[in-house]
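One structure, pasted below without further comment.
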């Protein structure tokens, strides 16, 4: 009965992509650890880019610099 | 000083129900472990049904099938 | 299909007390939100007192002061 | 490669304050544990006051009482 | 820069299986969301069976009943 | 009443360093968001290097390669 929490930035993840993540993680846990899909929970958290930091900066700032650099 | 995180799907939980969850969990920790209510934190996360998976499917898909089955 | 994570300091919680927490939280979610017990997961994390801080101090330090104060 | 999750109530935290939290935590982990900023992730979760409980009450209720008390 | 937390019961997961989970999740996020493997973190938490509950019972109790049932 | 969870690999973090992290995070939240130290909780999780992955590999594997490279 695994619980998997996937946290990514909120940058346009579609319902179809979420479904692929849910199916993929569930299949992985069944294959590697023989966990039953029926009791495998997958929860996806989408986090605003202002609220996610890496390298001491928010992803909002990182994305702006990437865009400016073309 | 316990910290309790309750994660449920976002399907119309009311403020009154949230209050009941907060009060109930706090009372449970006081009764079972003698934890002080004043320093017991309860945080409720409501998760969109697209973002919660069980059995390899999103809850959105599961709810649609349940509704179709009547 | 709720997921509940209870985090407390590691200070001698017994298997019987853990069972009471699991049963109590599951019953609470069934009563307040009509959630099915079969798909309610409860995970208890016990955290070393060196690793839990409150008021800017570790619980190890807080417990020593409480003991000294008698 | 630390991962830090800061959870606070959603009460008007600005993008500038979020940036200060990200920079401050990243600097702290570099200074105390010699962790590389480039692979230090900081994720801030803002939680509605209805969804955060302390002392068996939601923060919404606590804030109303504080306001009434002037 | 995704962060993925996999929580399973502590029931003899090997280092090789952990490596397969880490590689599999990282590949999934690269394929579905085009996330860079270098900044994808995967953290596996193994939880004692006394500390994981489902259906209002600890996994320790569930496993004993399963063993008795043969 | 913030809750902060710091997750790092288990590689010899001392009680003194943990105390510095707890004090530093608590001070940061007081300074940036005016949060009361008394109700700021900081929880440090140390994760085995087999259980932490980055770039599709466990930190155990990464550390061995770093050591071999001198």
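Letters A, B, C, D, E and F mark the chains as written, and numbering starts fresh at 1 in each.
In this text, a residue touches a chain if its C-beta (ideal position, glycine included) is under 8 Å from a C-beta of that chain, and two chains touch if they have at least 3 such contacts.
Remember, predicted model here, so these are calculated numbers, not experimental data.
Trainee: Along touching chains only, what is the step distance from chain A to chain F?
Mentor: The fewest steps needed to get from chain A to chain F is 2.
Trainee: Would you mind checking the shortest number of contact hops between chain C and chain D?
Mentor: The fewest steps needed to get from chain C to chain D is 2.
Trainee: Sharing over half of the contact pairs with A-D by residue number is what counts; pick that pair out of C-E, B-F or A-C.
Mentor: C-E
Trainee: Roughly how far is chain B from chain C, centre to centre by C-alpha average, rounded to an integer in Å?
Mentor: So the centre of chain B lies 16 Å away from the centre of chain C.
Trainee: Using mean CA coordinates as chain centres, what's the gap between chain A and chain B in Å?
Mentor: 21
Trainee: Would you mind listing the residues of chain A that make contact with two or more other chains?
Mentor: In chain A, the residues touching two or more other chains are 1, 3, 7, 21, 25, 39, 41, 43, 52, 54.
Trainee: If we use the touch criterion from the header, which chain pairs count as touching?
Mentor: Result for touching pairs of chains: A-B, A-C, A-D, A-E, B-C, B-D, B-F, C-E, C-F, D-E, D-F, E-F.
Trainee: Once bound in the complex, which stretches of chain D touch chain A?
Mentor: Contact set of chain D toward chain A: 15, 18-19, 21-23, 25-27, 37-46.
Trainee: Where on chain A is chain C touching in the complex?
Mentor: 1, 3, 39, 41, 43
Trainee: Please give the residue numbers of chain E that touch chain A in the complex, ascending.
Mentor: Per the stated touch rule, the residues are 1-9, 13, 17, 20-21, 24-25, 28-29, 32-33, 35, 39, 52, 54, 59.
Trainee: Can you check the complex and tell me which residues of chain A touch chain D?
Mentor: It is residues 7, 47, 50-58, 60-61 of chain A that touch chain D.
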